[in-house]
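Paired with subunit B in one complex and with subunit C in the other, subunit A is shared by the two complexes that follow.
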Partner chain A sequence: MEILRSAMAGTLESSDAQVTVEPGEGGIELELSSSVMNQYGRQIKATVLETLERLEVKDARVTVVDKGALDCTLKARVECAVFRSCGKSAENIPWGGAVR
Partner chain B sequence: MIPRPRPERFRLRRTMMFMNAQKPGLIKDAYIYGCDSIMLDLEDAVAENQKDAARFSLYHALKTVDYGSTEVIVRINGLDTPHWREDIRVCVAGGADGIRIAKCESAQDVKTVEAAVEAAEEEFDVERGRTLLMAALESPKGILNAYEICCASERMLGVAISGGDLRKCLQTSPQRDGVDMLAARGQVILAARAAGVQCFDTVFTNLDDQEGFEAEVLQNKAMGFDGKSLINPKQIRFVHQVFAPTQKEIAQAEKIIRAYREQSASGVGVFTVDGKMIDIAFIPGAERTLKLARACGLYEGDLV
Partner chain C sequence: MKNAVGRDIPEYLLTGGREVYQGKNYMDGKYITKASPRTRRCEAPQESKVVESIRAALEQCGAKSGMTFSFHHHLRDGDYVVNQVMAVAIEEMGLEDLTIAASSLGNAHDPIADYIEQGKVVGIQTSGIRGRMGEVVSAGKLKTPAIIRSHGGRPRAIEGGEVHIDIAFIAAPTSDCVGNCRGIGGKSNCGSMGYAMTDAKYADHVVVVTDCLVDFPNMPASVEAIDVDAVVVVDSIGNPKKIASAAARISQNPRDLMMAENVAKVIAATPWFKDGFSFQTGVGGPSLAANLFLEKYMDERGIKMGWAIGGICGPMVELLKKGKVGKVIDVQDFDLDAVNSINQTPGHYEMSASQYANPANKGAFVNKLDFVVLAALEIDTGFNVNVLTGSDGVLRGAPGGHPDTAAGSKVCIIVTPLTRGRMATVCEHVVTVTTPGDCVDVLVTDYGIAVNPLRPDLIECLDKAGIPHVTIESLKEKAYSLVGRPDDLEWEDKVVAVLEARDGTILDVVRKIKPYTGTEE
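This part shows the complex of A and B:
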């Protein structure tokens, strides 16, 4: 998917993550901050990158402010932000396909 | 991915607790509270501009969190909104046990949802007929049409009263003795029992009024409800206590079933137990008591 405009999903509440995607300048640029950076930073980064790859996002600036979200929440927030940026978040989501 | 067993249309549902599907902190460990069913909410708890986010969150929760034996039902947005079709797609794709139809007013509403559920089961290769339905009755019209709603689909597990909107329509407010909802509750119980489905009372929203809550639960049980919708885990224990059969009821039910089996084996149809007349009409009630007792951890025998 192509990031057409900047979009955000998620909150700064505990167990959540706030994900912002913006059009990139060639490639994926990830900025991550987390309340559990030392323990889980690498895992969070991997989950975010995997999710972007599954959605075929190749060019984006992604900012994640993590507040201790589980993997399933991180995925949900990244996907929602990406679908929002393309104006496609409201219906016909490929559940079980690119979203899984 | 967590495979969930096929949902059971008739099972113990004393407590159904509402959870905002948009809040990861709530839905990730909702099963620890021990309620019989959780109700992940896509409707009123989720702000209009977060409906999309709530679905992504719901999908992954359904696929990732092991809810164990807790039933997982999702409340979808009303049929008068642009959201309900996608809500149904995500529920079916994620493998929710059931869907609660908000603001249901007619058998046609149930059939409309059923058709969309069937289409989604086809689309996502889910066993046809797996996803159960229940309806929330929130308007005088919904209450009056309760019976046709209860009978509208083989997937229907039951109906629930939703008191907030209903009281507004009825131009009343919560009363200590429950008289505000008496007619509606009576109608819904009659309809559900006539149709052979379950019925659930509305939430009690004043968390500071434990006395009022307990009075309402006792009245629900006395009227014949199967269970109650809840908004807070601290409400679960009392409902489970009230809806559990007493030791005396359990002993009596055992006695009735044993006596019935002995007597009918020797060709007797009607007889007495402790001075009370018993015949076949008492058996389903006695069996239900023992099943409920077993579910509550109070009966370990082998009669049911």
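This part shows the complex of A and C:
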């Protein structure tokens, strides 16, 4: 999926994460901050990268401000931000396909 | 060397006869030699000990670099006295190499973090360490490792001479002109002054800082004029709104109430729940709510509580006024209902920290406790509890009376939700052991109850009462299944804080954290 414009999903509430995606400069550039960085930073990073890969996003600048979100929340926020960035959040979301 | 809770304590800390933690009651029957202060005689009658400023008091007491100053924390997050005194000592008088020995420190003391970074404050001995101070100490900026003690461990260390206080500062809501102090009757009231009492008896010099000078004699005095060198009157010793909340409210959160109800059920299933039983609870949501449910069981069985101790708040005072508890003995007050009740409501008494919890005296109140209900930041499968370090490894809590009441009581119940946000409260290994597992008996969570296998008698009680319980391992697995298994924290070698067990042995150390930045490969 191609990131056409910057888009955001999620909030800064406790147990949520705010994900911003922007068009990249060739490759994935991830900036991560988290209230549980020392214990879950590696897992959050892996989850975000894996979700991007599943959505076939290859060129993006991604910023995640995590407030202790569970993996399912992180995935949903990344997916939503990506679909919003290419104007596809209103229709034809591949439920059960790339989104699972 | 590994101690009894499996923590590796560096050999270089084991000097001067210091040992690693060996288990509960290890020091029982041993002798200690009490330290004695060197104090100035005031033989010639003095009309007044009031001096014009904190600086004048410090000079009169011979304040110099390298000294240890002590403080108490009854003014809690409203305290101005620590910052006022340290600012005068460091900025006006240019003193250095100072050690702060406080009963606790909190967010009110963020400015002290600057003095630590500047190298002017080189030692911290406290129960609580939070806010910016917790961050700078965790970052290894304090010259010597901070020493963390429980509320009972502190008077033990002072009496035994492990902490020698050069000047004790007493934050007094009221004082007379010669230093008889009380926690009530002024404009910044705190009620009990229990944590200051040992300081006043064992410090070389004692300075009273008050914002309300009253007629002599200010009786009954919590700290007595016979121990006081000087009295300073300042504009304000603290922000009353942050000293005591208007009223500690009982939680309405259904999860807290469910856990509280289960706590009361467990208590009511044991043989010690009978007329005249004794009880202490923290003021956290579910701990405090346990009072409510316990009252129901007391009414049902037609029994009364004999006495309660601790940090006291409104709901306990309410039980006293209703005649459902015989006596309340109070080392600290958390809300205005408790502040306004101490020494006023019949049966509501003040006690010192030593009387409350010191393991080296001849029997503190905690030793007679039937039940204590406590919270936890983390509890591991060995029932070890952490109430000091966040699960990110940064200092942000306080053992307080947790280890003392857990060790002294017949039944220690920890009540905590299984997870907080993404943090698993029930985990494999707590970051720091502040209360050893051999002192903890029952864990009540929102996902089930676990009993320490060291207490088969309690397991039998629960089974007889039909209260379901599970293993603590299964609770840990449940927690990890919800939030994921956390990575192990990474540490540098440098020890930033030494955690003393209440008996003075070393229970654990906190090392400098190596933070994960996300850019590592």
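In this section, the second predicted complex is superposed on the first by the 100 of 100 C-alpha atoms of A that agree within 3 Å, B and C clash if a C-alpha of one lies under 4 Å from a C-alpha of the other, contacts with A are read in each partner's own complex, and residues count from 1 in each chain.
Everything that follows uses one rule, which is that a contact is a pair of C-beta atoms (placed from the backbone, for glycine too) under 8 Å apart; a residue touches a chain by one contact, two chains touch by 3 or more.
Source: prediction; values computed, not measured.
Student: Please tell me, clash or fit, for subunit B and subunit C sharing subunit A in the overlay.
Tutor: By the criteria stated at the top, subunit C and subunit B fit after superposition, with no clash.
Student: Once the structures are superposed on A, label A:43 by its partner contacts, choosing first (subunit B), second (subunit C), both or neither.
Tutor: second
Student: So, does A:6 touch the first partner subunit B, the second partner subunit C, both, or neither?
Tutor: So A:6 meets neither subunit B nor subunit C here.
Student: Under the stated touch criterion, which partner chain does A:100 make contact with: subunit B (first), subunit C (second), both, or neither?
Tutor: Only subunit B; A:100 stays clear of subunit C.
Student: One more residue to check, A:15. First (subunit B), second (subunit C), both or neither?
Tutor: both
Student: Quick one: subunit B or subunit C, who's touching more of subunit A?
Tutor: B
Student: On the chain A superposition, what angle, as a multiple of 10 degrees, is formed at subunit A by the C-alpha centres of subunit B and subunit C?
Tutor: 80
Student: Tell me the contact category for A:69 with respect to subunit B and subunit C: first, second, both or neither.
Tutor: both
Student: Where does A:79 make contact in the superposed view: on subunit B (first), on subunit C (second), on both, or on neither?
Tutor: A:79 sits against subunit B, while subunit C stays out of touch.
Student: Which value in Å is the smallest Cα separation between subunit B and subunit C when the structures are fitted on chain A?
Tutor: Comparing every C-alpha of subunit B with every C-alpha of subunit C, the smallest gap is 6 Å.
Student: What is the shared patch of subunit A, the residues that subunit B and subunit C both contact?
Tutor: 14-15, 69-71
Student: Which subunit C residues qualify as touching subunit A in the complex?
Tutor: Its residues touching subunit A are 391-393, 421-423, 482-484, 486-487, 489-490, 513, 515-518.
Student: What residues on subunit B touch subunit A, complex-wise?
Tutor: 23-25, 28, 51-53, 55-57, 59-61, 63-65, 82, 85-86, 89-90, 93-94, 124
Student: In the complex formed with subunit B, which residues of subunit A make contact?
Tutor: 9-10, 13-16, 69-73, 75-77, 79-80, 83-84, 89-93, 95-96, 99-100
Student: Write out the stretch or stretches of subunit A touching subunit C in their complex.
Tutor: Interface residues on subunit A, with respect to subunit C: 14-15, 30-33, 35-43, 45, 67-71.
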